[in-house]
Amino acid sequence: MIGKGPWSEATKATSFAEREFQVCIAARLVENGKCYWVAGGGGPMYSVLLAKRLYAPDVIYVAEDGVVGAEPMLPFDPVMTLAAARPSHRAVMWTNMNGIGDQCGVGYLDYGVLNALQIDAYGNINSTWLGSYPVEGRRVNGPGGADTIAAMCRRLVLMTDHQRRKFVPRVDFISSPGYLDGTPGARKRAGLPADTGPYAVVTNWAVFDFDPQSRHMRLRAVAPFVSVEAVIAEMGFKPLLFGSAGDIEVLDPPTEDELRIFRSEMDTRGQFTDTASHWVVWENERWTMVEKEVISTGVLI
Amino acid sequence: MIGKGPWSEATKATSFAEREFQVCIAARLVENGKCYWVAGGGGPMYSVLLAKRLYAPDVIYVAEDGVVGAEPMLPFDPVMTLAAARPSHRAVMWTNMNGIGDQCGVGYLDYGVLNALQIDAYGNINSTWLGSYPVEGRRVNGPGGADTIAAMCRRLVLMTDHQRRKFVPRVDFISSPGYLDGTPGARKRAGLPADTGPYAVVTNWAVFDFDPQSRHMRLRAVAPFVSVEAVIAEMGFKPLLFGSAGDIEVLDPPTEDELRIFRSEMDTRGQFTDTASHWVVWENERWTMVEKEVISTGVLI
Amino acid sequence: MDGKALRILAEGEGSYLKVDPDAFRSCTAQKDRRMRSKLMTAAEAIQRYVADGDYVIWEINYLQRGPAALLREIIRQQKRRLWAGGKFTWVAVAMLVEAGCCDRADMGFFVGGGPVTRAVLEKRLTIYEYSNLVMTARLRAGAMGVTFLPIRSLGGTDGFKYSGAKLIEDPYTGEPTVIVPALNPDVALIHVHQADEYGNARAFGTNISDVEAALASRKVIISAEEIINTEEFRHKPGLTRIPYYVVDAVVHQPFGAYPGEMPGSYASDPAHVIEVFGAVARDRVKAYLDKWVYSVANEEQLLSQLVGMAKMAELRRRASGVGLEAYRS
Amino acid sequence: MDGKALRILAEGEGSYLKVDPDAFRSCTAQKDRRMRSKLMTAAEAIQRYVADGDYVIWEINYLQRGPAALLREIIRQQKRRLWAGGKFTWVAVAMLVEAGCCDRADMGFFVGGGPVTRAVLEKRLTIYEYSNLVMTARLRAGAMGVTFLPIRSLGGTDGFKYSGAKLIEDPYTGEPTVIVPALNPDVALIHVHQADEYGNARAFGTNISDVEAALASRKVIISAEEIINTEEFRHKPGLTRIPYYVVDAVVHQPFGAYPGEMPGSYASDPAHVIEVFGAVARDRVKAYLDKWVYSVANEEQLLSQLVGMAKMAELRRRASGVGLEAYRS
């Protein structure tokens, strides 16, 4: 799915946070010359920015507060990645939310990239309620712009931490639509535009796509520091496996260039990657995962 | 309907064009502190401007190209009264057509003033086709913004030349809605907003309103230089008469102030009033109408 | 309202472009998101991006900020069977009809007169009836990617019958409500004050529906008085009205609105304005076209040979005094 | 599609403000079109124009250009039973809920956390489910004076079930189409860069839906960093975002977006931003409100006693470098 690219030839890093790896992988998936809609800050925006810096110079992105094609002032604080002056800097256009929604509605926004709190086998996303709505459990933040992005961008890339509780057979609440129940035409019957839907899921351990027939999540690639079995074991449902034995790609680790740019221009204080992220180190000819103390500031928006 | 006002005490003019009279009368009808939508140039805009200058300082108006609350550079050419820089001058806001339409939709535009080419007893307007649509007759310019104004402003003031061919029992084509067939609820059944509809018709000879029950046009006032009988004789249908005998108001002629301002600041070259307009003169203790050579430039928009 | 269904109370019988937002999305998918120069001449732009049979919308009219040069080029190239989106326009539909370019028109406002009446009576032209705002509402729906919008006008008129509107039971109130079909024109012609070579565009002053037209149309041709650097857009992003990726062609066309006004840049030419209006009103459009359109090969010749430097200088001079700074932000 | 009726395929069961555009028009009819001064303090504005039980919408969030001062004043005055339009907001709904001001909310985006979860589980708060854009679409419908808009999202989600949306057969294509009810809030709170005493308002930079909110709401309260002369609006009419006659109150409120950013004027205060987010996340909002809202009588005291001149100077300094000129046009 990702395959070879400039990263395959570049000097590999030997020490990185899992979330840094995830951002680098998502960046390699970015298609040059397309327009992205990134909701909120963190991984989605970093991936597009990193790709633009290294692999996809002609990619542009919009944000739901009306920013089109910005050249943001980096670095910016992860608490201030949306609806703030620095990320809107040097845009080609400032409009408003309905203006961005219109552009998405008519199809100018090719890709969406989203963080997902809870995701199921058909790419449905829950960011509304964990538990039994609304009588037991925990209220979360709502879809925000994610429902629009998931409904109307042509291709949706989801980012999430690789944790069993994130991958559930059926989300507690569909906040933003994937392939719904996976049946043919399900999105159309719900009123959503044609030729849209989840395209990839990028975690700190693996990359998935969706089987074109069954619309079920399918494993495409794993990190060099985990096994296919470990990836599947840490999910609440069993993904399909792409191709036959051996067709699951092993992803290249981050390159020194990727990390240098990410660390010096984006996550300069480690606020993003330090949250809920292990450290991965190349020692004694093999990758080892190390616990790292978590200093949580959270992603605030 | 118009009654007494500052104009009753002011010095009366003794020589004026009928169309000047019409503009002065329409100006006296303008309600202070309201927002007007004037479509196109000519009489409607002149009336509001003259009123603002003399009687209704707090009146504002919008135009369909997005002008809100302008203080136009006067005089402007009648060919350039809309979609031009001079009439948009010193506005409080410039928006676009949908922006003005939205303001009208939610009810901020109280009054509309329109020129009508052909009008019927229920205040319906034809500006689409004279004759049998579309197989015989003559194509005219379409509703433009008039349909919106007639549909959605609270009160509609119509201006037209007092000619038999303008007042027909049933318009050849309803371009912009009056009270439709006059039946109760006709506008509502057509999807139009509540509490809207024609309010007055101002010609160079008379002022009409509409009977609250029957929605039929009703004579309220006549010019001092014509009789009630002459007014009715020059119409293609018989209007209702307001009240009982003697209740039809006789309008005050233009004042010297009205004409001075209109001639020096608005129709400075007589292009508007010279078209299709007689001259009215006070001679030998009575008003006389005089033919005047017509130099037609037309109203171009 | 019957609980689980909404009655359709009345339907106009007018034709309209098929409403198919997914097909329109397939078209926008093909447009290039890269910043690449789209500069070309008016002749090239019209050749490449206006096809016979296209639905053409333009912003705004022939009196102010209209794409007059692009319209003349369409006539010079003798495009055929165009469907004109005649909302808040003026003489241009009559010109297109008399030139044999146009056989259908959606009416908002345009000068009828001899050419249009003759064409209708001779069945060379079919007109569908809307109003200015109803047409901009249809464009707005097209620019939103939806299939229709509810409106609160058009109902009760005879125009309704010759339109694509419907009267339905309102899904929320049960009351009769008019809806109109989305419009996604094939081509939008838009004249602006400033553009960069990629198509980012600014226009100042009042306007009709250029943003809606740009987003709603399959092909977008921008003509601009001035080509400026993209840096200027990045310096003041709030002034951008149209983003580059919706645009297919950028034409540098000073005096592109002539004989109309370009607020803050030049005044209209009243003599020409009266001449063209008179030509329509007196059914002499052919002679007007011979003189002002066919007699020259392109717009540059029109300006140098027919308008002349002195007139252009005069029109620029006359534009001052309308508060020029208002047209620079 | 059965020819003369459109089936309703599904309907959300969420409550929504009654859709009644004619009633809203009766309300706008009462507003004064004259230019009269509407200057008053935040306390007066909230007292006069926010009633218990009102639906309140605000622009935009607590991070940037939000009407933070007005929201705090609502909490100080202990308004009750408000219905919060929580589209693209952040911590403010949790603050209102914990302060006992709010018992219903429409969800686009706001930080859930302890106060909101507790209130829902204890049935002190009912949430209806939309998304940011669906909420701005509803406001857009409200600002157009129509009853609903078709949209191409929300369908298929569980949110649909707890919303006021419907899935109907499209009148033009026959395909399933989602529609959402217009929203006409009782009150809009909008913080801007510049306003005049009558309510004409300018805001610079990106934005969410302030024009829609202003046109769609029964009562409109503007707070402004700066009160400028009406002459400035007439000098550059293209910059006006909100016309005076839709506005009911104008509050001169420097640092009215604090602790959020006012682009081009001052930066956000990250320490405070982290403090308020932490208060919501760790369910300590009461303590936060004691410290930052109840401890002072008004916003002027908040600035002088809790924020201080040095901090304000620092925030103004930190705003530079983001291309200030971009926020002056």
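General remarks:
A, B, C and D label the chains in the order they appear, each numbered from 1.
One rule holds in what follows: contacts are C-beta pairs under 8 Å (C-beta built on N, C-alpha and C of every residue); 3 or more make two chains touch, one makes a residue touch a chain.
Source: prediction; values computed, not measured.
Rounded to whole angstrom units, the spacing between the C-alpha centres of chain B and chain D is 41.
Centroid to centroid, with C-alpha atoms defining each point, chain C and chain D lie 36 Å apart. Separation between the centroids of chain A and chain B, computed from CA atoms only, is 61 Å.
For chain A, the set of residues that touch two or more other chains comprises 67, 88, 90, 94, 101, 105, 152, 193. The multi-chain contact residues of chain C, meaning those touching 2 or more other chains, are 21, 145-146, 152, 177, 205, 235, 237-238, 323. An unclassified topology is adopted by the chain contact network, corresponding to no line, ring, star or complete arrangement.
Chain pairs that touch one another: A-C, A-D, B-C, B-D, C-D.
Those residues of chain A that touch chain D in the shared complex are 63-67, 73, 77, 79-80, 83-86, 88-90, 94-98, 100-101, 105, 128, 133-148, 150-152, 173-177, 180, 186-193, 297-298, 300-301. Contact residues on chain D toward chain B in their complex (touch as defined above): 21-22, 24-29, 31-35, 142-146, 200, 215-216, 230, 233-235, 237-238, 240, 243-246. The touching residues of chain A, when paired with chain C in their complex, are 33-35, 58-60, 67-69, 71, 88, 90-94, 101-108, 110, 152, 154, 193-195. Contacts from chain D toward chain C in the complex involve residues 2-8, 19-21, 145-152, 166, 168, 170-173, 177, 179, 181-182, 204-205, 235-239, 323, 325-326, 329. Taken together, the chain C residues at the contact with chain B in this complex read 60-61, 63-65, 86, 88, 90, 107-113, 116-117, 120-121, 127, 129, 131-134, 136-137, 140, 152-159, 167, 175-178, 205-212, 261, 263-264, 267-268, 270, 273-274, 277, 281, 319, 321-323, 327.
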